[in-house]
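Chain IDs A, B, C, D and E follow the sequence of writing; residue 1 opens each chain.
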Amino acid sequence: MIRIDNLVKSFGTFKVLDGLSFDVMPGEKLALIGPSGSGKTTILRILMTLESISDGHIEICGDQLYHMQRNGREVPADEAHLHKMRSHIGMVFQHFNLFPHKSVLENITLAPILTKGTPRAKAEARAMELLEMVGLADKADARPAQLSGGQKQRVAIARALALQPRIMLFDEVTSALDPELVEEVLLVMKRLAAETDMTMLLVTHEMGFAHEFADRVLFFDKGRIVEQGPPEQIFSNPREERTQSFLRKIIAAGHRV
Amino acid sequence: MEWDWAFVWQIMPTLLAGLKLTLLVTLLAAVVAAVLGLALAILRRSGNRAVARGTAALSEFIRGTPLLVQLYFIFYVLPDIGIRLPALLAGVIGMGLHYATYTAEVYRAGIENVPRGQWEAARATNLTMRQTWVHVIVPQAVPPMIPVLANYLIAMFKETPLLSAITVLELMNQAKSVANTYYRYIEPMTLVGVFFLAMSLVSVVFLRVLEARFGRMAK
Amino acid sequence: MGDWGGYLSLILQGALVTAKLTVMGCALALVVAFIAGLGRVSRFAAIRWLATAYIEFFRGTSIFVQLFWVYFVLPFAGVTLEPIQAGIMALGLNVGAYAAEVVRGAILSVPRDQYEACIAVNLTRFQRMRHVIFPQALPLMLPTFGNNAIELLKGTAVVSLISLHDMTFQAQVVRAQTGSTLIPFATILVLYFLMALALSRAIRMIETRITRGLDGVR
Amino acid sequence: DTLEDLKGQGFARIAIANEPPYTAVAADGTVSGAAPDVAREVFKRLGVGDVVASISEYGAMIPGLQAKRFDAITAGLFMKPERCAAVAYSEPVLCDAEAFLLPAGNPKGFKSFADIAADPEAKIGAPGGGTEEKLALDAGVPRERVIVVPDGQSGLKMLQDGRIDVYSLPVLSISDLMKKAEDPNLEMFAPVEGAPVYCDGAAFRKQDTALRDAFDVELAKMKESGEFAKIVEPYGFSAAAAMSTSRAKLCGE
Amino acid sequence: MIRIDNLVKSFGTFKVLDGLSFDVMPGEKLALIGPSGSGKTTILRILMTLESISDGHIEICGDQLYHMQRNGREVPADEAHLHKMRSHIGMVFQHFNLFPHKSVLENITLAPILTKGTPRAKAEARAMELLEMVGLADKADARPAQLSGGQKQRVAIARALALQPRIMLFDEVTSALDPELVEEVLLVMKRLAAETDMTMLLVTHEMGFAHEFADRVLFFDKGRIVEQGPPEQIFSNPREERTQSFLRKIIAAGHRV
C-alpha cells in the first residue's frame, strides 16, 4: 500500500530523516512512537505532500508519489500528479485545523463538493452519516468555535473521512485535548480501526492507545527506525536500550502502557 | 481678533462645498488605493524574481517620499511627456498610488495571518490552489483587514489639503481663499479643524464598530 | 539660468533644515509618545482621559490645521515660536500621538502571564513596568516607530506652509528662479528617499542591538 | 515702541513672496526685488541696520503680520479698501497694471475679465486670495473657472500645458515669467481693460501706525531726492506712477 | 495556615466558586483534582491575589488576605496590604511565565533584590543553591528560550522558592510539558515536599503523582468540594458517583492512578 524507500529529508543542513525505508500493507494499522523531534510528524507531512522530500522514493497504491513518468523518463511530480495522488490520503492534525468561518457541515462537505464534484445533497447526506458515526449529528450547524476540543477533533476526523481516502494519517490527535476529552476521540478511532479496512498511520504519545490500536509499532529516534514489531513485543519486551529508556520515562510520568 | 459668528455663517456654504470635494477625492482615491494595492500585493508575491523585487523597490520609494512632491510631479512634470491629467484626477491618482503601497502591506499581513494550518488542511482535503484561496484563505484574511483599511481611509482624508498645491479647491484651499478675501483667518481655519475633528471622531466610532464586528473573527 | 551649483546648494541647505526638523521632531515625538502611551494605560482615569484627549485630538485634526494653529494662533496666546520650533512642535506632537498608540499597543501585547508572574513574585507596579513589561514591549515598538519616523520625514514637506525653508520649499524657490520643475523636484525626491533609507537602516540597527540575545523569545 | 525695538535688535523682519521683480531670491539665497530693496533702504535711514526676509504665501502674510511673525509686508501686496482695513499701509511704493498671459496670438481675444466671464469654456488662473482672483470673481467668472494657482511658475506651466486659457498677474510679474520661459508660444496682453492700476505699500500692523508714519517720512524724502527712482526703475517700475497717487486715494479713505 | 470561609467568586453572572470553605494545616500538602472548569485554577489565582473575590473571607498565616482593619472596621485590603500578604505565597504556573528577556539567574534574583532589598551577591548565592537543588546550576546564564520545557518549569519553581514563601501553589505544572520531560519536574517537587515544611497546594491531572504527593485530596466539581480525604481513600474507594465517573474517564484515557 505504502512503500517508503531510502527517504531523506533535510531542513537546511539538518537531516531529519536519514535514508528511511519501510512498507505498509493494505489495511494495516501502524503506530509511530518515539521521542520529540525524532521525525514522526515529518513522515506524515511528507505522505500528505505538505513537505517536499530531499531524496528517495515513495510509492502509494502502486504509483510513485513524488515522481512521475514523462516520455519514459522519471521526472519530479507536477501539481496535477500530486493532486491525483492526494485523493488517496486523508490526514487529521494535532490542532484540528478546522475552517473557522464554516459550519461543521460545511467543513465536511466543502472538499467532496469542490474536488469530486459530489452534488451538494449527496455530500450533505454522507456528511450527516459521518457526523452520526462520530456522535455529533446535532452539531451540524455549529461553528468550530462553539465546540469543545474533543468535538473539534471528531469533526476533523469526519472531514478527512468524507473524501473516502484509502490511507488515513493521524498526528497526535489527542495531545491538544483536556484529559477528560481524550477518551471520546480515541473511542471514535477504535471504532474506525475495527470497522474499516483503511490503512492507518498513527503518531501518538498515548502508549496505551497505541497498544490497543496498532498491528505494528515503529519506534523512531533521530529520523531512523530503531525498533519495530507487534505492540506486545515493543511495549513488554523492547530489545533496544533506547526504546527501553524511552518507555521507562513515559511510564514514570504517569502513563499507562 | 475676535470670533465672529455672523462671519462663520456667511462662509459656511463655501466651506461645505470644499468639504464635499474633499470627501469625493478621498473616496475616489480610496478605491484606487484598494485596487492598486491588491495589484502591488500580487506582484510582490509573483514567482518572477525581477517583478517581485521591482515592485518592492518601487513601493519603498513611493512610501519613503512625500506625497506633496509626488503630486507636483504628476501634475507639473508629467505633461512634459504628454500626460496631462485634470487636477482632480491627478490628485486621485497621486493619493491612490501613495496609499496603495500601504494597502498592499495590509493585504500581505492579512494573508500571512491566516494560520499555516489552514493552508495545510486545504491541501489535506485536496483543494486546488484556486479553491484554497476562494473558500479558505480570502474569507479568513479579509475581515481583520477591514479596520486597518478604514484607518488608512481616515488618514487619506486628512491629507487632502495637499491637493491645494495642484489647484484642487478642497476644504483647506477654500478656507484659505475665504481667508484671503476677507482677511480673517481664525474662523475659517478653526472651522476646518473642527470639520476634520468631527469627521475623525465619527470615524473613530465607525472604526470601533468595524473592529468589534470583524477584528475578533480571526482566531 | 546657469548657476546650478548655487541652486543645488540652496536645496542642500533645505535638506539640512529637513534633517533637523526630522531629528528634533522624532526626539519630541518619542518623548510625548512614551508619556501619552503610558498615560493611556495608567490606572488613574484622569490621566487616561488626558492622554486619550491628546491622542484623539492630534490624530483627529489634520497636520495642516495643527501647524496653522501653532504658528499663527498661539502667538495670540502670547507664545511666539520660531518657525523651526513651531515646525518641530507640530510634527512632534502629531507623530507623537500616533506613536503613543504604538507604545500602548506594545505594552498591552506583553502577555497577561507576565503581569501575573510579577504579582506572584510580589513586584510593585513600578518595578513591574520598569523591569519586566517595558523591556519586553520595546522591541515590539521599534519597527512601527521606524514607520512613524518616515511619516514624520514626509510630513516636513508641508512645513513650507509656515515659510520654513525646508527642502520642498527650496525646490519651489529654485523652480521659480529657473522655470524648471523636473530638475528640482526629481532632486529632492531622491534626497527624501535617501533620508528615508537612512532612517530605516538606523532603526533596524537599533532593533538588532536591542533584540540581541533575545532571539527565540517570540 | 516698535521702532525703538527694531533699532535695538538691529533688523526688521519682512515678508516677501519670491515673485520677481517685486521680490526675488537669488541662487545664493540673498533677497532682492524692488519691494525689499526699498524697504531695506528706508529702514536703514530709520536706523534699523538690516532686514530679514521670510518667503511666505500671499495667504499667510496678513495672519503672519498680525501674529507678529513679521514687522512689515513688502511683497507687492496691492492696496485695496478691505486690506487697508486689516493693515496699516505706507504711502505707495510699486505701481503696476494688471496683465494677461495668453497663448500667442490671443486666439480667444481676451481683453478684460468680463471677456473671460462671457466665454463659458474659458478658465483663468490667478493667485489664491490675490487681486486677480477677486477681479475675476467680481467680473462674473464663476468660481469653478477661477483656478487658484499656488505660484507664478505653476501658472505658467499650466498655461503651457493647456490647463488654463489665461493667467493673470501684474504686468511686471508676467513679463518676468515670459523672460524666464523664453516660450514663443506665449504672449502678454496689458494693461487689462477695465482693471484699475494698483500700487502696493509696505504693510504694518494696525497698532504700529507710529512706525508706519516714520517709514512714510523717509519714503517721501527718497521719492523727492530721486533715490527712490534709482531703486525701482531698474526693475521696470515707474517711480512717477507711485508719486502721482496716494494711500488716501487707493484705500478709498 | 489557610482558612477559606464561604468564598464566592463570580465572573459576570457565572458563579465559579459558590460558598467554598476549607482549611489547610501548616505543612500540609493538598492536591486539588476535578474536571475541567471546576474552579481549581481559580482558587489558586485567588490565593495569589490574581483575581478579586466576590464574597467571603480568606485568612492566611493569621491575617485576613482580602480585608484589613481600619479604625476598628473591616475594610477591603489596599495594595500595600496585598503586597505584604503576597510575601507569604509563591506560585508556579502551567506555562512557566518566566521573564524571557532575563537570564535564568536574573529571573530568580530579580524579586529578592527588588522586593526584599537582598544584596545582589547574597541573592545570587542563594539562587545558585536553588538552581543546584533543581539540577540546573550549569544553566544560570542561559535565557529561558534556550531551555526545554522541563528545565523552564524547574527554573520557575526555583524563582518561586527564592522569595521563601510559606505557602506554594502549583497549577498543572506539568501539563504543558512533553511526556518525556514530566518526570524531571515531578522529581524536584517530590524532593521539595519531602524536605521542607512548606504548605503546598497542587492542582493536577496526574493522578499518580497526586497520590504520591498529597496528604489530602480535594475533589472539585462546579466550584464545590464533592469529596475529600486521604489519597488512598479518594483513588481506591471514592464514595461519590461524580468522583467515580471522573476517575474512570481519566483511567480510560490511559493515565495510571
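Couple of notes before you dig in:
The rule we apply is simple: a contact is a pair of C-beta atoms (placed from the backbone, for glycine too) under 8 Å apart; a residue touches a chain by one contact, two chains touch by 3 or more.
Per UniProt, the chains are A, E = Ectoine/hydroxyectoine ABC transporter ATP-binding protein EhuA; B = Ectoine/hydroxyectoine ABC transporter permease subunit EhuD; C = Ectoine/hydroxyectoine ABC transporter permease subunit EhuC.
As the structure is a computational prediction, the values presented were derived from the model and not from experiment.
Under the touch definition stated at the top, chain B and chain C share these contacting partners: D. Under the touch definition stated at the top, chain C and chain E share no contacting partner at all. When chain centres are set by their Cα atoms, the one at the greatest distance from chain E is D.
Using the mean of the Cα atoms as each chain's centre, the chain most removed from chain C is A. By the count of C-beta pairs in contact, the leading chain pair is B-C. Chain centres here are Cα means. That of chain A falls 84 Å from that of chain D. Each chain gets one centre point, the mean of its Cα atoms, and the points for chain A and chain E are 37 Å apart. The multi-chain contact residues of chain A, meaning those touching 2 or more other chains, do not exist; every residue touches at most one other chain. Chain contacts: chain B has residues 1, 76, 185 touching two or more partner chains.
The set of chain C residues that touch two or more partner chains comprises 72-73, 76, 181.
Contacting chain pairs in the structure are A-B, A-E, B-C, B-D, C-D, C-E. If you check the complex, the residues on chain A that touch chain E are 35-36, 178-183, 186, 205-209, 246, 249-256. Those residues of chain B whose C-beta lies close enough to touch chain D in the complex are 1, 76, 79, 84, 86-87, 164-165, 167, 169, 173, 176-177, 179-183, 185.
By the touch rule above, chain C contacts chain B in their complex via residues 56-57, 59-66, 68-69, 72-73, 76, 150, 153-158, 168, 171, 181-182, 185-186, 188-189, 192-193, 195-197, 200. Listed in rising order, the residues of chain D touching chain C in the complex are 15, 18-20, 24-29, 54-57, 60, 63-64, 67-69, 151-153, 156-157, 180-181.
On chain D, the positions that touch chain B within their shared complex are 58-59, 62-63, 66, 82-83, 85-86, 125, 128-130, 133-134, 143-144, 147-150, 154, 157-158, 160-163.
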